[in-house]
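What follows is chain A paired twice: with chain B in the first complex and chain C in the second.
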Partner chain A sequence: MSNVIIQIKNYSWQYMNSSDLALRNINLEIEEGKFIGIIGPNGSGKTTLAYSLDALIPGQYNGIKQGEVFVYGKEVEKYAKGELQKSVGVVFSDPESQFTAMTVEDELVFGMENLGLSIPEIKERLEWVTDLVDLEPLMLKPPYEISGGQKQRVALAAVLAMMPKVMVLDEPTSMLDPISRKRVFEVLAQLKKEKRNTIIVIEHSLENLIPLADRMILLSNGELILEDETQQFFQNIPLLLEKSVYPPGVLLFFYRLFEAGYANSVLPLTLEAAENNLIKIINEKINGVNR
Partner chain B sequence: MNDQKPFITVDHLWYTYTDGTLALSDINMKIFDGEFLAFIGQNGSGKTTLSKCLNGLFKPTQGDVIVDGLNSKNTPIVQMVRRVGYVFQNPDHQLFNNNCWDEIAYGPRNIQLPENEVKERVEEAAKVVGLDESYFSEHPFFLSKGLRQRVAIASILALRPKVIIVDEPTTGQDARQSIEIMEFLKRLNEELGHTIVIITHDMPIVAKYARRVVVMGKGKILADGNTRDVFRMSDILSQTFLEPPQITQLAQRCASLGFSPSTLTVEEMLEQFYQIIGVN
Partner chain C sequence: MNKTMLGYIPNESPIYVIHPFVKLFFLLVVSLFPMFIAAPEWNLLLMISIFLLMWWSRVDMKILRIYVPVAISMGSIIFISYVIFSGNHPEYHLLFKFLAFKIYWERIRDAIVVYFRILPMIITMVFFLSTTRERDVIVAMRSIKAPFVVTYVFAMALRSAGMVLEDFQIVRQAEQARGFDTKGKSIPYKIRKYVMYMIPLFALSLRRSEEFTNALVARGYAFTGPASKVKRADYILTHYTFKKLDILLTIIIGALFVAILIIRYGFGYFGLNTSILTIWASKFIG
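Up next is the complex of A and B:
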């Protein structure tokens, strides 16, 4: 585990005025360049965990912290103000909470200026991100006048433009329609392939997340219940169901086949794999009977 | 499709916003008592505009919307909302009172029911959505999103509309909350006889609950039929960048093995699997 970028040790957080722990004794290591999916019911601590990674917690919230959160080997609270945010960018589930500028273009440029990038560099990244997230028609509009889905795309673009080493996306597609949602996941897939960013996505929409995620994390009631490579993670379907996480239909179908002894425990994570598996199982069964 | 009288008839409906944007062009449809429909389509396809025409919030630019024999053009909104209720996508856009009781009572008071009937309606609506009395004095904003949505639905129910339109009932809800809200709508449909219309992007939810699907694109109805048939129309779906549920897609890819391309659920898929391999 040489390239661990995030290390969380015995970490608990309790918001002021709350009688329960929002996160309870979390231990977790995340390697550089991995794509991590975080799932769990509402209220399970996913957003709290995201905020803890760029020191918004404890920085902007009152509460009691126990344990430590390290980014690049340094405790998040030990970073000078603004330093950590160069490495860790968070896209909030409520995009309005991150907007500060009067036009979408200014919104995108704001973060890059803060990083002290040169004007040619800013121009280049602006073009890249505008094209990538398809924002051209919105550039001169005020961020508060565009639709919820458009806001969400601007919020994503603003963080992408800063190219932080670690990107944390909190339900980035909750307000998007299916095509925009697909497009966001295509962008993430491209980042994963071409850049070496560490990408952490909190998401309810598992169908899009599963094919991309290297590892998955399940949180429930503030506890880390399960953390594993995606393939292994979904071998625990009874546990997931018990925690009210419902896997996509195809995974559930193959899990039922596995339970009945018709499929092996390696469940297909993509439609292509599912199709191939199913053809194989049926052909073997039918030919086997004939022989 | 049905020889009973439609509850809603939409006849050559056109709607243009005041800024000139054409939102609906030549919509024709009938909605019958007891149906469970889904409106699907991309953002901006006209789903919400159509819904607001159905409850009289928007009046047609051209054409007619007839609800329970009343033409929305010359029927006061007070009469319309007693027949068709619309639950906003974001309950926070709808809730504005300081406690749940007043919130639910707002509609009945607004249509000038006597206070004893208001009380009866609030209690009935709260009971249906499973909101117990201890919540009546709570401020809606301090409730969870799921509970706020229930308050929003209760405030519509209190008007006892025949048709209830719910805009994106599962957005932002986790899996368990989504199932709870959908099972609740199913109960309103099956046990209390309400006609339910959901507007959603969640295709597995459509497959599981809606019996009829209306596909919209660019202000037009592109397809309107029972759920199984519509999910087979891959041309129309891909035109609007919609995909049937994953399990339906798997069945369609494996149709040559004997799976039906209009499979909707995991259970149906399993049943067919056992038939194909010859096991009962």
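Up next is the complex of A and C:
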């Protein structure tokens, strides 16, 4: 039985002083415990959608809203100040814009104090999150004086520590090197597996996102172009390319093989699946030649 | 090394033994000492004592060099306003005339007194900023149960000051990269072109404040409504304990202040009449 926790109905948003709609007639349902990937070119409305789920839009921005955004069955605008944020946590794309405190430790603790947690609870979660995201050596440093990658880890940890049921991550690895990026996705995989959080990730790094995502969403020019299960979503390569989304090399490679008649229409999403497919194709060819 | 508001001090500095509240109390109370001490030699002694504390705290004494121009320009302004433009005072002892200006001994004495009152206050502040992190100030305020909103707004103000300086550097470097640089140009030119820095800096500040509000909202902070009434656990305070040494130091600082008041107003010391330096100088001048 599906358990829809986020429901977006005919939702449009236009920022004040903008002639275009940032989001146009979005209809979307997200089930509890799912890992959702949102992709799309710059300016397609991804961040606007993320902010709409946390009521930062329309709360903090002037503009025109149409339609409704429900989280746990309640319209986001109906939540009292600070109430929705107990359930929905957003990691901003620019981590520095998320910082509110003078040290990394204060930064991590701030959200937990807002939730009214007791000191033992804060201590326990702090130890968990610093260990998970490897922040121990940075605890007494000012968050705005550490490296870009460290800032993103702090921003992520600060939201993780609040343990929201829904986590929205807006390009959480844009400043990270490949190893740190992998580490962040490992953390997300762990959360998905152990905590069963609903995780919504806006990300350009598809190699890391695809293996985790249950469903994918494509936004372009404020419109929801495509929404499907990850495997099905990436069978639409021509559409993705048309919308300036470049799938991982392995997918494009198999798409070309498919076009040339060497592969079947089910494109492999991961390196392991691609390897198996390729071995299968080679074996078929060898067997074909031998016969 | 640990970063403070005005530089760095080593991890081994003994100042870390002292609770942030004591440091704030020291700043607030010791800054008042010169207001009740007119005799310059006592204020000089106070300055030397604070220098010794800075040395004990392992503050890099080189940072004091940046305050030399401040001390000189402040002294010059006081001297000019008190001594050169002192006006006509027939009751004072006229030393000599310089062009149309009359130079009186009493006005020189007053200039020295004022100067030696302000200097210890500045040095006390330098000592505080050199040995204190932003977090210490917040801890000090929270340990005396200052409302969270007050301490938080104060923390935000401290952070904003740092951010504006960082943004200024970004704007400056961005404009330098595109060929706009006031380096080596005349001061009027710099002032005229300063607007080139100020407009983007102002725009950046507006964006920063918007981001800051978003960050607060996204982390569940509210100034009003039920979320603002949540009982906050002050986790940071758990790292600090107010020890016997801190109690003792607080009592000593408070007792010194009371002693100064009693000696000044009860026994008449620390005034100009009992100042060895001014008495000796008056005799010397005749």
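Criterion: the second predicted complex is superposed on the first by the 289 of 291 C-alpha atoms of A that agree within 3 Å, B and C clash if a C-alpha of one lies under 4 Å from a C-alpha of the other, contacts with A are read in each partner's own complex, and residues count from 1 in each chain.
Simple rule for what comes next: a contact is a pair of C-beta atoms (placed from the backbone, for glycine too) under 8 Å apart; a residue touches a chain by one contact, two chains touch by 3 or more.
This structure is a prediction, so every number in the text was calculated from the model and none was measured.
Chemist: Quick check for you: in the superposed arrangement, does A:56 touch first (chain B), second (chain C), both or neither?
Modeler: second
Chemist: Could you look at A:196 and tell me whether it touches chain B, chain C, both or neither (first, second, both, neither)?
Modeler: neither
Chemist: On the A-aligned overlay, A:98 touches which partner chain: chain B = first, chain C = second, or both, or neither?
Modeler: second
Chemist: Examine A:280 and indicate which partner it touches, taking first as chain B and second as chain C; both and neither are also allowed.
Modeler: A:280 contacts neither chain B nor chain C.
Chemist: Applying the touch criterion given at the start, work out whether A:149 contacts chain B, chain C, both or neither, answering first, second, both or neither.
Modeler: Touch status of A:149: first partner only.
Chemist: After lining up the shared chain so the two structures overlap, which partner does A:74 touch, if you call chain B first and chain C second: first, second, both or neither?
Modeler: neither
Chemist: Looking at A:123, would you say it contacts chain B, chain C, both, or neither? Reply first, second, both or neither.
Modeler: second
Chemist: Contact residues on chain C for chain A in the complex?
Modeler: Contacts found on chain C: 2-3, 133-135, 138, 155-156, 158-159, 162-163, 166, 208, 210-222, 224-228, 230-236, 238.
Chemist: Using the touch definition from the top, list the residues of chain A that touch chain B in their complex.
Modeler: 40-43, 147, 149, 171, 174-182, 204, 207, 244-246, 248-250, 252-253, 256-257, 262, 271, 274-275, 278-279, 282, 285-286, 289
Chemist: Where on chain A does chain C make contact in their complex?
Modeler: Against chain C, chain A makes touches at 51, 54-56, 59-60, 80-83, 85-86, 89-90, 92, 94, 97-103, 105-106, 109-119, 122-123, 126, 140, 142, 144-145, 158-159, 162.
Chemist: If you look only at chain B, which of its residues touch chain A in the complex?
Modeler: Residues in contact with chain A: 42-43, 144-146, 171-177, 179, 201, 203-204, 241-243, 245-247, 249-250, 253-254, 257, 265-266, 269-270, 273, 276-278.
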